[in-house]
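Letters A, B, C and D mark the chains in the order given here, with residues in each chain numbered from 1 onward.
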Amino acid sequence: MVLPPTAMLVVTLLTLPLATATLLFASGRQPRTLTLAAALLSTCAALALGLNVHLEGVSVHAIGGWEAPLGIHWQVTVPGAVMLLATAMVGLAGAVYGAGYFVHRPGPEGRMARVFMPLWLFAWGGLNALFVAADLFNLYVALEVLTLASVALVALSARRTALQAAMRYLLAALFGSVIYLLGVALLYGQYGILDLDGLTSKLDPKHPGSRAGAVALTIGLLTKAAIFPLHFWLPGAHGRAEPPVSALLSGLVVAAAFYLLLRLWFGPLAGLLTFGVGTLFGAIGAGALLWGGVLALMQRRLKMMVAYSTVSQFGFAMLVFPLALAADREPVVTGGTLLLANHALAKAALFLAAGSLVRASGSDRIDRLVGFTGSSRWAWIAVILAAAALIGVPPTLGFSAKWLLLQVAVAEGAWWWLGAMLGGTLLTFAYLGRLLERALLAPAPAPHPPKLKIALLLPALLLALLACVMGLWAFDVETFARLEPGP
Amino acid sequence: MHPAEALFDALLLLSMVVLAWQGVHARNMFRAVVSFMMFGLLTAVAWVRLEAPDIALAEAALGAGLTGALLLATLGRLKPERRGARLQRAAKLSMLPWLALGLAGTMTLLAVTLALPAPGLGERVLSAMPEAGVDSPVTAVLLNFRAWDTLLEIAVMLLAVIAIWSLGQDVLASTSRLPAPSLPALVRLLFPLLVLSTFYLLWRGGHGPGGAFPAGALLAAGLVLALLAGARVPERMTGAPLRCALAAGLLAFIIIAVGVMAEGGVFFAYPPRHAPMLIAIVEIAAGLSIGVMLTALFLGGEPTDTQGGST
Amino acid sequence: MSTIAGAILIVLGLLFFLSGTLGLLRFPDVFTRLHALSKADTLALGLVCAGLALHADDGTLQLKLLLIWLLVIVSGATCSSLIARAALAHGIRPWQR
Amino acid sequence: MSLPPGTLFLLASALLFAIGAHGLVTCRHLLRKVLALNVAMTGVFLLLVTLGRSGTTVDPVPHAMVLTGIVVALSTTAVALGLIVRLERRRP
């Protein structure tokens, strides 16, 4: 089989969503076939790209033919390709779900349906741009595309609570941007380059600019990734947005910022990752695990619980950093990437299924959710599968990721971090188990079995299934999945 | 450096810092906004002092002018009792620890930045200029070497318009109760001038300070002035034509970026023969589109068809 | 010769700027302040531009200086009138001794 | 004077950043927060351009970055202001 060259696929992945979104906006109409075709095409491009990376490995593309310090590079790394694939899956699922969820009608009632698709595609394009970018400033611009699209999506319902959440989110994200840009300025002042490869080869931990720059970049990204204690904006924004939006935000937008953290700390900033820094990150992660987990356990509303679960899960991801102090970083990076991919699929599935359940129940309260009846059965199956992936039941993707990290922790004798991981998993089990127990054993009485459109069930189900099945494939993948700075 | 220059810089920067403080902490919101606008104006002067005329043009038009107009329009759309909102702090913390923390942070930042060698990319840009297709280094960086950044940036701007429009229809600011005949007269005089200077800056961007952003900002200034003088978006322009004008810049950018792949197979690699023309097309499309987008940001929502009236 | 004349014009202009600012600070209400500011500053800017034009040996530059002055006159007059109208609309009565 | 060139500008940029960050954290009114963000942004822009001037040639890359940054900042500010207006209109 002849695949199109990687450069072609990258260009498709970046320009197709942006161009389609712009055309949709310009035309003022939302032909469903066109949007879904664009989504499908982007997904195919991502799949082909993943296959290319699998066959040919990492590739670098100089935009406009200008070599690195002067021009901008795209770099398709294995973790980047994994995230691109996860983005495509969630993007497609959300597009289908959104087409079924929002009412298509002229006039004010149809507003959300009209606005959703362009914004969704802009966010998708921004994510793609971010996962292939290899330039500090280009990353900043891509982050801003993502931020504005996400904020507009949070505010979609235009209810007061949604607007408040969007405003908080916007301010937090912009605060993160300012600090991130400060870090870019400091690193540029020290080395006069912006591309990540050049920085990797030049960066000296002893320079004041590199340290201050690393601190600024990290604080900025921690804010955008809503890592405890900078998570204050997340539960509101994710809990109050419309379901497909929450899926995108929780599954991917936060993960994108965290992916950048990984990219930076295992790329240019690797020399600065000392024992102290790793331990600090680990402590933050453990704190997030605990705080997010306990608060998730205390929530009464379904979507808020899922939102706090995100805070907790990213604490888990933070534990990657102390484990990376080991000599061999490869399995850690692979584990971290798989963790992000697993979270993207499972959390998106969870939010989509939650949206369907809330619609079927007419309430967001956990104790008023409909039980395992009618078509809501399928939503519950998606919830169960996603929960299994989040907890890390074998053979899910979550299990593969956690297993890899556990192995490193055991080999390193890092018992503290091992304990934190086990504790976090237990907490995840507790709050998800509580949800299932409440809803399945003591369901709210449903007068008539709910009927949900297939577009509201299938995407969540497939995403959750994917998170579960991919675990089998991931054991094969981990042999090649490594974060390489390129040739 | 001449001592008089140092004195001028010191005065300029001191006023900037004071105005910035005022802009955040002034007693009422109107004062804060006006201080912030003056801060933007002085920032433009600072750019001139830093030998960055392109940024100075953009800052004067965007940072001081349009941001100011946006802020004032926002104040006008708030409920009157909120406009004069007094300064409230998050908690009744004493200022001292914050000041100490801020001062320590400032000093650390200063110490770090003073120690930076700042090698920069100036030499590299200079050596690549012959193949850039334009004579102005800043335009070369914006539209050739780092054109992908600029494409995404125009996407950000369009996204901002979509985001604001997605919140609902436009909210018009309360207009003055007394008719002011002098403003429309001024607009009739200035509008053609501003359009003329827009094209002048677009043309000039190829070889000197200028280019799409200042040009777009000037066009927007003209359009916003017209709106302030009571002009409304003509009815036949709302809807599809306006949306197309807004989208044109980004679409042209994407089409050219992908189109040049026909020749070399590389995204954004202008063929050397056509580079000047292609860059000029991108520049003009981007400049005009930026002008319309900035005006749309000022409108604060999608213009309704029912307003009537015309320019 | 022309440089000295130019310098004198500029200093004269700065003095007018100073008086305009003094008026802004010391006059009792918005209308009188506007009066001081718009009158004195327009003249002051004209003097400064004339002084600079004497220093410039380039015809286009002199033309640009003239243009700057004309534009500021037009926009300054409009702004003053707008501010005064806004003040009246807000119910501020002109100051009377 | 024996100050290294650009010291004043670096000091101003650090101060502006501090004022902006401090204002963002301590002010309650949303409009003030937006203004504070813009002030902090200007501080970063000043830093970038001042650093681009230290070499022998003027470095146009920070100029391009700041031009991009100004437009991005304006766009995000406009969205923030739009949100503020809608929020105020829905104030109970």
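FYI, contacts are C-beta pairs under 8 Å (C-beta built on N, C-alpha and C of every residue); 3 or more make two chains touch, one makes a residue touch a chain.
Keep in mind it's a predicted model, so treat the numbers as computed, not measured.
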item: More contacts between chains, A-B or A-D; value: A-B
item: Where subunit A and subunit D are represented by their mean Cα positions, the distance between them in whole Å; value: 28
item: Centre-of-Cα separation between subunit C and subunit A, whole angstrom; value: 57
item: Mean-CA-position distance for subunit B and subunit A (Å); value: 31
item: Subunit B and subunit D, separation of their C-alpha mean positions in angstrom; value: 13
item: Subunit D, residues touching no fewer than two other chains; value: 17, 20-21, 47, 51, 59, 61-62, 65, 68, 72, 75-76, 79, 83-84, 86
item: Residues of subunit B whose C-beta touches two or more other chains; value: 109, 113, 116-121, 125, 146, 149, 153, 156, 159-160, 163, 167-168
item: Chains touching one another, given as label pairs in label order; value: A-B, A-D, B-C, B-D
item: Contact footprint of subunit D on subunit B as seen in their complex; value: 1, 3, 6, 9-10, 13, 16-17, 20-21, 23-25, 29, 32-33, 36, 39, 43, 46-47, 50-52, 54-55, 58-59, 62-63, 66-67, 70-71, 73-75, 77-79, 82, 85, 87-90, 93, 98, 102-103, 105-107, 109-110, 113-114, 116-123, 125-126, 137-138, 140-142, 146, 149-150, 153, 156-157, 159-160, 163-164, 167-168, 171, 213, 290, 294, 297-298, 300-301
item: Complex contacts: residues of subunit B adjacent to subunit A; value: 108-109, 111-113, 115-121, 124-125, 128, 144-149, 152-153, 155-156, 158-160, 162-163, 165-168, 239-240, 243-244, 246-247, 250-251, 254, 257-258, 261, 264-270
item: Of subunit A, residues touching subunit D in the complex; value: 137, 141, 144, 147-148, 151-152, 155, 158, 160, 163-164, 166-167, 170-171, 174-175, 177-179, 181-182, 185-186, 188-189, 192, 194
item: Footprint of subunit B on subunit C - complex, ascending; value: 74-75, 77-78, 81-82, 85-86, 88-89
item: Contacting residues of subunit B [partner subunit C, same complex]; value: 176-178, 180, 182-183, 185-186, 189-190
